[in-house]
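Before I ask anything, let me first share the structure, which is written out below as structure tokens.
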Amino acid sequence: AQDEVTLQLKWVTQAQFAGYYVAQDKGFYDEAGLDVTIKPGGPDIAPEQVIAAGGADVIVTWMAAGLAARERGVPLVNIAQPFKSGGLQVNCLKSTGVESPEDFPGKTMGVWFFGNEYPFYAWMASLGIETDGADENGVTVIKQAFSADPLIQGQADCISTMTYNEYRQILQAGIGEDELVTFNYLEEGFGMLEDGLYVLEDDLEDPEFKDKMVRFVAASMKGWKYAEENPEEAAEIVLDNDETGAQTLDHQVYMVREVAKLTAGTDGALDPADYDQTVSTLLSAVSPDNPAITKEPEGAWTHEITDEALN
Amino acid sequence: MRSLLPVLTVVAAILAFWYVACIPMNIHFAAMQAERAGVPVTPEGMAPRREMGAIPLAARNPHIWAETWVQDKPRLPAPHQVAIELWQTTVEKKVTSKRSLVFHGWVTLSATLVGFGIGAVAGVLLAVGIVHSRAMDMSVMPWAIASQTIPILAIAPMIIVVLNSVGVQGLVPKAIISAYLSFFPVVVGMVKGLRSPTPMDLDLMRTWNASRDQTFRKLRLPASVPYLFASLKIGIAASLVGAIVGELPTGAARGLGARLLSGSYYGQTVQIWSALFATAILAAVLVAAIAAMERATLKRMGVGR
Amino acid sequence: MIQAKGLDLTFQTNDGAVQALKGVDLDINRGDFVSFIGPSGCGKTTFLRCVAALETPTGGSLTVNGMSPEEARQARAYGYVFQAAGLYPWRTIAGNIRLPLEIMGFSKAEQNERVEKVLELVDLAGFGGKFPWQLSGGMQQRASIARALSFDADILLMDEPFGALDEIVRDHLNEELLKLWERTGKTIGFVTHSIPEAVYLSTRIVVMSPRPGRITDVIESPLPKERPLDIRDTPEFLEVAHRVREGLRAGHAYD
Amino acid sequence: MIQAKGLDLTFQTNDGAVQALKGVDLDINRGDFVSFIGPSGCGKTTFLRCVAALETPTGGSLTVNGMSPEEARQARAYGYVFQAAGLYPWRTIAGNIRLPLEIMGFSKAEQNERVEKVLELVDLAGFGGKFPWQLSGGMQQRASIARALSFDADILLMDEPFGALDEIVRDHLNEELLKLWERTGKTIGFVTHSIPEAVYLSTRIVVMSPRPGRITDVIESPLPKERPLDIRDTPEFLEVAHRVREGLRAGHAYD
Amino acid sequence: MPLVIAAFVLWAAAWWLNIRIANGPAAGSQAAKLGVPAIFGLTLLAMWELIVRGLDLPMVILPAPSMIAERFAASLPILWQDFVQTVVKGALSGYVIGCLAAFGTAILVDRWDFLRRGLMPVGSFVAALPIVGTAPILVMWYGFDWQSKAAVVVVMVFFPVLVNITAGLQETTQMQRDQMKTWAASYWQGFWKLRLPAAMPFVFNGLKISSTLALIGAIVAEFFGSPIVGMGFRISISVGQLALDMVWAEIVVAAIAGSAFYGIVAFIERKVTFWHPSQRG
């Protein structure tokens, strides 16, 4: 019989998770003897909470959120890191006069919360910019809903976007690339590892579970490779799996291509240097606003799975 | 149908206002597109227009008004856009299609109905308990009121997660949230109804030496029926809201709630508005269904005139 | 039949105690038609409710057929008719009359038979299938009397049963009630505000006065059992009515 | 004063037309006390409402003080007292009596003066600060009469004003009303169901009968203006009462 | 497990106590009226604590009441800020605007029956639009600060209040209206002196229902975009940060604020409609 695995995503069904859907659809999981259930996420779903409650075996989340959960008693361990680089960026309208981070004070900035706010606070802390209101050394932060509307509607000077999603929505709304200023967190030195696979530490002690995960990671990476090579087909697969019927093919094709840029350059094994960078960035900006972690985490990642899976 | 003419008048007024409102709402985008297409707009250039209020801009560019009613992702879609989307996603799509509002409506409806069933039964039972036990009356009622001041959207995710952890998922968690919202009006109405017999009615039962159970079945219960239906109508509307709220944290998978949400992620306002209207129509249908049951029941009871 | 000795009843209310009945002595014999009359608040209703075990006296003794009122209630010793007909709108007239029979566990066949009989008795044969709101006020009140008669209790307690009806309908029902009483020989306790009604119907008229509620006069009626409506214009009748009025006025303080 | 000639009023209802008044001829003179009596549905209320311009007749003519009823209403020619006291529970007794005065734009000072005066007139001095529900039914009804008197209309129309009260209170109010009428010399139209009440109060008794609503008899009272309550036991009184009852019975068909 | 059993034993004991009090001689007293629900509530809390501890539930699933209380006490300044933002600025202003608008509309609807028959069905349809759908739209239109929250609240409370006021204004009896007519009262005299006071019990019914709606609406609207203060904001980000104790602390604030809001409206109702039989006891 097939071994059952439940995967909880951090967001709704879209090409951001193409690898998993492709692996599912192309039978890679099947071949690995797995029966995988992929649960889409959403704005009110904390995958860390779902796994703590036993609702999933493995989750996709961002490392900052994963480490924060670990400090709060959900012992998450990173077992694989399909995303080598991050797609999170800040976009500002040129017309607001922003050219570099020095111009931020006095501006209104849209930030994603729900565990996505950690990189932003770390960046602002290092810039010495306060986040309690617009004046000569502070910005007004608003909790941006998960869309690009605030920039398009002119409610914010700068907003958070993902390269593979909201950025295009801005462009499609008729705002030209030449009218935008883009700050990439990675380039600014505040990149944090995005979509990784995390499981509960205790589960890893079970050899059977480990074996399942080895097969899961191997099959998933196969899915990611396939998606990189066949963007159109991958987008179709995502579309088939989107139960809301809200996605459009051309957007998903675009997204697969953009996501491919993020998964490029890794076989899925976590690069400890990236991990260290994420941790040191987080620790550089500990504050009540930014309660991600307060001390160096231990045992938050392992190569045990990827070593076997990707031999 | 004395109300037909007034209703049509009001609807016409709303539609007219709606079309007019689309102009300032969508004028900035329309101006930009027009400029790209080479149509002259005043003032020229994005930046000065951004500075300008929507109404002055609209006033100075009447020739592009029509463009505000046909955009793909407008701030405010025009009525006909919503109507067309509704038509296409209900009638023209196969009901099994993921893009069919009938499909999503059914997902929401099934959770609504199950939740409403649970909520109504729980509400009636609680009301029976409250009417028959002073202790329950005194202790439960204040907390039932307080329970309704809790923002359901805040605890819905927790309910989903907790139920998920014990292996309950799919329709049931949504139904429970939906039940949580619908039980309260039913309790309140049913308590009122069960207490509606006058002291005289109750005394009469006493003179016949009726048991508690007989008094309940032959007096309190039938007397409560009109109250029950009144509160069921409120309850089923609340149920629908609950089912939709419950859909938000279930992974935005299926249902009208998921449709509302996913529409907002991609700026698809037309989709949002049509899901909204679909919900309101569904609510109206559900309430009308209860009202029809009410009429039939009361007529059978001889109370309806 | 019904014996009250030194009956007291004090209600505890928010603003102090209300003495609704004080030292009420009264004997009602089998077959009597006793009317209670007196100004508002003098305890007429309260007395009837004590008899029906709907209130518990706070002093004195009260027996019904030699039992306590509570035992008599359990034994279903009386029918009670209120001022408002109090028919259930969701039951037909027949259904309403059947209700106490259902509760008391009569067989279906007997229920039907009795319903028929009492409908006849109150002149409503043929109306069993109607709903209460399809009937006039007077007809409703007759149905409510039929309901109280249906299970053949010995004692009929009526609290202003015709208070809400207009005088002509009321006259008519008075006549009917009198015939019914003769035919069935029941013991009737009857509360009214109307002097002519009390005099016309009763074998005995109990005049009460308030604060505290007590009996001020008990008047035996010299009128014959056979009483056409016209009797109300006879000197004997007026004489009794006068006595009742005097009794009332004596006990009544305007305020 | 009030003149009706061939007055007709037909209500259009769902199940056909109801002829509430048919060919009503009546003259009421200044200072008359006219009672209307008749079975339920005979059009007593409807007639009073026509006079008060609350209904519009469908035929015939009706004048009040030589004006149309509508003009008389605008001129605030009458006070109307309904069966229920209809006092506003959120106003004190004085506040209720002041209400029509406020509406008619009397000055504050005059309002107070008039309120005091009519409270005295109906024997409620000192109760102005109470709320209606703190008073007995009889007192409420007196307050409602005071309210109708407060603005000194010539005509007082009363639709079963004492119907809801018990007989003793009613007797008392009848006496008071009679005194008031003598003192003020107002013209009074009075609807009642009670024969003794009608006979006791009126200078003229209008007997009506239903389907269609019409006047069947108008009885002039031979009683003197001065009427102690005891007058009701005199042969003259009984004689009039008997005539009224006969008149009623003639027009009344039991159904 | 013993703790879980203890929870149920405690429950049985408290229930028994409540039955004793409720059916005892002191049942009508003020102390009993407060004591019985208090005992019930405290029992629920104690059971919650015992069960969470007994089953060793992780905090990120369900924090124990003691933890919530601790968090509550430690976060008073934040909770206060959030309360001001959401309740005072968002909910209250929206409530006031919504109620006033409903009042104005009710007068129009009351004067022109045509409008009533047209507006009421359409209004009930519009009222059925779920706020989870309308809130994002209103945030898009009115911005991220409290104005959009107030707008959501206005939309939520408007119709229930309108329906109740309209029903209330029709509450007068034919007799009362006829009486006004016999005094030749004008429309506005009849409105201010008769119909409005008579409508008050209904008006307050609507105001009470709306008071809890207002609070929920303001909180929910913050889920769809807000500044970085507010109860809904705090709840949503705290879930993301797995600070469930904070989430519950905010829920406690919401429950207290909601009950208090309701209580205040009910108190004013008692003062204004002192004359209504339901208030006279």
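The first chain written gets the first letter, and so on, giving A, B, C, D and E; residue counts start at 1 in each chain.
Going forward, a contact is a pair of C-beta atoms (placed from the backbone, for glycine too) under 8 Å apart; a residue touches a chain by one contact, two chains touch by 3 or more.
All of these numbers come straight from a predicted model, not from anything done at the bench.
*Asks:* Applying the touch definition from the top, give me the chains sitting in contact with each of chain B and chain D.
*Replies:* C, E
*Asks:* Based on C-beta pairs in contact, work out which chain pair has the most and send it over.
*Replies:* Ranked by C-beta contact count, first place goes to B-E.
*Asks:* Report the chain ID whose CA centroid sits closest to the centroid of the full protein CA set.
*Replies:* E
*Asks:* Calculate how many whole Å lie between the centre of chain A and the centre of chain C, each centre taken as the average of the chain's C-alpha atoms.
*Replies:* 83
*Asks:* Using mean CA coordinates as chain centres, what's the gap between chain A and chain B in Å?
*Replies:* From the centre of chain A to the centre of chain B is 34 Å.
*Asks:* What parts of chain B, by residue number, touch at least two of the other chains?
*Replies:* Residue numbers touching two or more other chains: 75, 153, 157, 161-162, 165, 248, 261, 264.
*Asks:* Could you list which residues of chain A touch at least two other chains?
*Replies:* Residues 43-44, 46, 49, 53, 145, 149, 153 of chain A touch two or more partner chains.
*Asks:* Let me make sure I understand the interfaces: which chain pairs count as touching?
*Replies:* A-B, A-E, B-C, B-E, C-D, D-E
*Asks:* Spell out the residues on chain A that touch chain B in their complex, using ranges where they run on.
*Replies:* For this pair, the touching residues of chain A are 9, 12-13, 39-46, 49-50, 53-55, 95, 145-149, 152-154, 169, 172-174, 179, 242-248, 251.
*Asks:* Give every residue of chain C touching chain D within the complex, in rising order.
*Replies:* Against chain D, the touching part of chain C is residues 39-40, 166-169, 172, 193-195, 233, 238, 242, 248-249, 252, 254.
*Asks:* In the complex formed with chain B, which residues of chain C make contact?
*Replies:* Residue positions touching the partner: 49, 52-54, 73-74, 76, 78-80, 82, 84, 86, 88-92, 99-100, 102-104, 131, 133, 151.
*Asks:* Under the touch definition given earlier, write down the residues of chain E that touch chain B in their complex.
*Replies:* 15, 18-19, 21-23, 27, 32-33, 36-37, 39-41, 44, 61-62, 114-119, 121-122, 124-126, 128-134, 136-137, 140-141, 212, 215-216, 219-220, 223-224, 231-232, 235-236, 239, 244, 247, 250-251, 254-255, 257-259, 261-262
*Asks:* Report the residues of chain B in contact with chain C in the complex, numbered from low to high.
*Replies:* 198, 200-201, 203-210, 214, 218-219, 222-223, 225, 301-303, 305
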